[in-house]
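Chains here go by letter, A, B, C and D, matching the order in which they are written, and residues are numbered from 1 within each.
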Amino acid sequence: MSATAERGVNALREQIDAPVASFFSSCVSCGLCADACIFFQETQDPQYTPIRKVELLRRVWENEYTLFGRVKSMLGLGNTITEEDFTEMERLVYDSCTMCGRCTMVCPVGNDITMMIRKMREGMSAAGHAPVELIGAAKRHTKGNSPMGDLSKAIQSQVKHAIADTGIDIEFDKAGVDYLVILSAQEIAEYPEVIGAMAQIFAKAGVTWTISSEAFEATNVGVQIGNRDVAKYLVTRVVEAAEKLGVKKVISPECGHAYQALRWEGPNLIGREYGFEVVHIIELLDQLRAEGKLKTSGKDTDKITFHDPCQINRRGGINKEPRRLLNMVAENFVETDDAGTMNWCCSAGGGVGANERAGDLKNAAFQLKKRQFEKVAPDKIVTMCAFCHHTLENALEDNDMDIEVAGLTEMMAEYLDDED
Amino acid sequence: MRNSSNSRADLVQLKEAVANLPTGNAPPILSEILEALGRLVDRAEPTVIDLGAIPFTGGDEKVLQEVLGNGEVNAVLDAMGESHIQETGIPGVWRVDHSDPKGEVQSRFIEITFVPDILKTQSEDALRGQEILAERLSERLRATN
Amino acid sequence: MSSSPLLPKMMKAHGVSRRSFLKYCASLTSLMALPPAMAPRIAHALETAPRPSVIWLSFQECTGCTEAITRSSAPSLEELIFDSISLDYHHTLQAASGYAAEQAREEAMKEHHGKYLVIVDGSIPLDEPGFSAIAGISNLDMLKETAEGAAAIVSVGTCAAYGGLPQANPNPTGAVAVSDIIKDKPIINVPGCPPIPMVMTAVLAHYLTFGIPDLDELGRPKAFFAESIHDRCYRRPFYDKGLFAESFDDAGARAGWCLYKLGCKGPTTKSVCATVKWNDSTSFPIEAGHGCLGCTEPDFWDNGGFYKPLSAPAGEYRRMGQAALVAGVAAGIGGGYLAKKNKAKAQADHETVDAFTLEKEESES
Amino acid sequence: MNNPYFDLLMFARGPLFDLALLVFVAGILIRIVEILVLGRKKDFSKAKGKPVQQGIKTIFTRTLPRPGAIKANPITIVGGYVFHIGFFIAFLLFVPHIALIEALTGLSWPGVGRVIIESATVIAVIAGLALLYTRWKDPVRRKLTTWVDYLVLILSLLPLITGYVAVNKLFGDPTFMMALHILSVDILMIVFPFTKLMHAFTFAMARYYNGSIQGRKGAES
């Protein structure tokens, strides 16, 4: 069993439904999606026009899902898909798209192009045209417990550090608690402070929680690569662990695609509703704030701006929450242009960051962010996605920009009110 | 009904207002008249201008009237409907307007002439006049006898 | 048989002054958009036209055209002009009848061979000669025979000009227009059902004075058939303002709004009805509250219904639309079913993939 | 004698219109029903927002462009608006057209005067030509555009142009121009279901789906 063009076409075939059919029926090739795309913006290369990236899906739809297309195919006028077509589309679908969702917002007829890219990747991956780095990550995640490989030891030691730092006890696999905290590999490896931060906030708020020793990692390379079998396999681990522990809610970490995978795709991948609810950590913090259980004292005097992670704000609906929280702790909070729903991607989401081939494109795309940050000239950029955090940190450094990047949860914990 | 008759009145007014907008055809007609007067003076050559042949609205008529004014002669013809023959304030320039028996204007002319032909008694009519008068006289004679 | 001009005598007899006649000719000249200086020439041509200069043939017709000219109680100048030049052979009007009448026609044809004008009203049946015949002579034969020596032919009325009502679907008599039969003579079409009397006179006057007038592609004198009724309609401002009568007795109709929606054919009908009008310039159909039927245009009987708006479809659109609704939904369900089947098959064919089967097999080198 | 222009007009209003109506109505229904029958899977994720409401809302709200979009694509957006608005004013508010729709459906509404109709027509044609220009000149659009797209845009402009010429008797025989006008509409109706003109109907579905997908997540759309 190996990847073939035929398998790819079949995967595309499986993806077509009424929304896709209505989208392709409605596209008038106006090209307005181009300006919404960070890669087009920074290269002005028309090949990066988003709707062009889903051409193969469109062909399958036209050939096989419309009566007129069937007649056309029968007359030999159909446009069949070959191995070469997949090869040609590979860089468009994976290298020049972070699935940021801006095109979906601007399309005048309302086409969800981003959703179709996700579907397009199903076909690409099934045909064997996913980037090797993503396939590698999928293999590591399947064999181990994170796309970085086995992080079992790492999580144990990071939790130990957190306990030591905060003096708050954190128990693994504790049954009967309300919340299950899941982290992203990036956090475990790079930003473990978030564990202590959560422990402090939750202790103050009286939230009961635990971490699963089996499923402590929330990322899902299956969603990025665009393969539902892999995605289902990975999400099932989390679902099973959560249901085994009997928690009421699972906390999705500061990670964009993990939120998509866990909260929105997951139930559909496994084909049933969860026995628990999924909340994003920032949603929970804002809820605690509203309930008066999250109190802060003092404010950061730095000039702070906020970077909206695409998958959490634009495609996840969490927009006002981080701003309410940030305003509690930031004295000098300034928004960049387009902040909020139409914020520009950090330049490396959707698997682009891991894709070495896409390095130049990624750098080009970051120039847009760079200009926006330069205009605001903040001392600190706060975000709520560890991968955005990671990308911005590296890109700022590469561009010789001395701006600190921080996670919002950590920042909240820093100004937590100490009084009882 | 009230509304529709109101709007009707409005529309009739509008229609008239639009119909009476000057087309700008009066000035060229006036220069044409001047030229024609020259021909009349120099060579006794008359000219007739048909105002029905070009767009010529009430507004244009007003301009014409302002420039030409009223003259000394004003005749009304009763020949299968009225005709108004009027010398304008510019001697030698005449207005000749024919109406049908219902009073609808049929044709409008400007004649640059010493006297419009239509005013003259036609010889055929004069002949008939001679006959009629003769007949009437003989009838009178018979009656007195 | 005298050929001395008759008009001056007739005018005198009817107490019409020459001044009235001159005035009429002036208006006629203006109507035809001829230079005003032409008026005396027209008057002269009409006054001195030799008689009999005209032979009037009536075929499949309703006498409406003749009626139109002679309709008024007081003699009009049109009537006098027609009478003075065409009385020699006109079934309806001439005093003579039977053999004497036919003899008059034959004599006129012989005497004025190559010079007389033929006026025709009515269409000519081709299916069966007996459908319409005069003195045992079929219309077809009479037309051919009379046209042979004619200088020109004037087809008066839509029947003679284009076939008219007799030709209306299903055309039971096989009626045709004069121009369908006579190909070698100049033909002036003066369509209308009936034509406007003043237009008929004007055409005659033009012919007598200057010969054949400028004709459009349908053989009509351009002076009278260049503009549509719509262009000169007094209700046009309502059309332009978007105010339309919805029925013949609604407030809009009473307020004189445009009759387009009630089927008025003014926009596609060329004639001077709206300016010259009828019955001594009293009115014309639209002024009387009824839409134009389009009677100066060929096939006006069959052009999609008198009371249907011009923009309404003229065919079997209702049945077509219903069929399309049913067929569209049925085919759509069929298409959707095929699509669903296609998807179900794709799902059945799905090979479950894992991270280790995402790559292509190494191609054997 | 026949008036060939009138015969053409009657052909365009009669048999050809019937055919066009059949293709238009049946074709559109096929395309729409086929999409609806295909359907979509039930979404098992727990909704945060209100997918149905937001879907319906998005059908309307997506009519307005995002702030800043006009600056990036002035011709496409402004031209697109003006073309659509002008086209629909000329199409739906001109009384002879209303009479046609009334004959077909029994529905009727008041029209507007000629000044508005003709201004709308002229402006729509200018906008359409601008759209054609940007399609040809702009690299993004040029790369997306197929010959059918050019054809469809031109075919959409023809009824406006021929209608204007016919009503104003600019040139040619008015009856002939009217026949051409109706002919151009017949052709537009016939190509409609097979081309991107379908967006006139499916845009509502697309916007609904977009809105409902985003709405489920409580995200903007």
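Basically, a contact is a pair of C-beta atoms (placed from the backbone, for glycine too) under 8 Å apart; a residue touches a chain by one contact, two chains touch by 3 or more.
Remember, it's a predicted structure, so these values are computed and weren't measured experimentally.
Looking at B-C alongside C-D, one finds more C-beta pairs in contact between the chains of C-D. Chain centres here are Cα averages; for subunit B and subunit D they lie 56 Å apart.
Here the CA centre of subunit B is 33 Å from the CA centre of subunit C. Between the CA-based centres of subunit C and subunit D the separation comes to 38 Å, rounded to the whole angstrom. Centroids built from CA atoms put subunit B at 90 Å from subunit A.
Within subunit A, contacts with two or more other chains are made by residues 16-17, 21, 65-67.
Counting partners per residue, subunit C has 241, 331-332, 335, 339, 343 as the residues that reach two or more other chains.
Multi-chain contact residues of subunit B (touching two or more other chains) are absent. Because contacts link the chains in a way that matches no line, ring, star or complete pattern, their graph is best described as other. Taken in their complex, subunit B has these residues touching subunit C: 1, 4-5, 7-8, 11, 14-15, 18, 48-50, 52-53, 77, 79-81, 83, 96, 98, 100-102, 104, 106-109, 117-118, 121-122, 124-125, 128. Across the interface of their complex, subunit A is touched by residues 27, 30-31, 34-36, 38-41, 43-46, 48-49, 58-59, 62-63, 65-66, 68-69, 72-73, 76-77, 80, 138-146, 149, 193-194, 196, 198-199, 202-203, 205-211, 213-214, 216-221 of subunit D.
Looking at the complex, you find that subunit C touches subunit A at residues 331-332, 334-335, 338-339, 342-343, 346-347, 349-361. By the touch rule above, subunit A contacts subunit C in their complex via residues 1-4, 7, 10-11, 13-14, 16-17, 21, 64-67, 70, 125-126, 128, 130, 132, 135, 138-139, 141-142, 225, 227, 229-230, 233. Put simply, subunit A touches subunit D in their complex at residues 16-19, 21-23, 25-32, 34-35, 40, 44, 46-47, 49, 51-52, 65-68, 104-112, 115, 263-268, 270-274, 277-278, 313-319, 338, 341-342.
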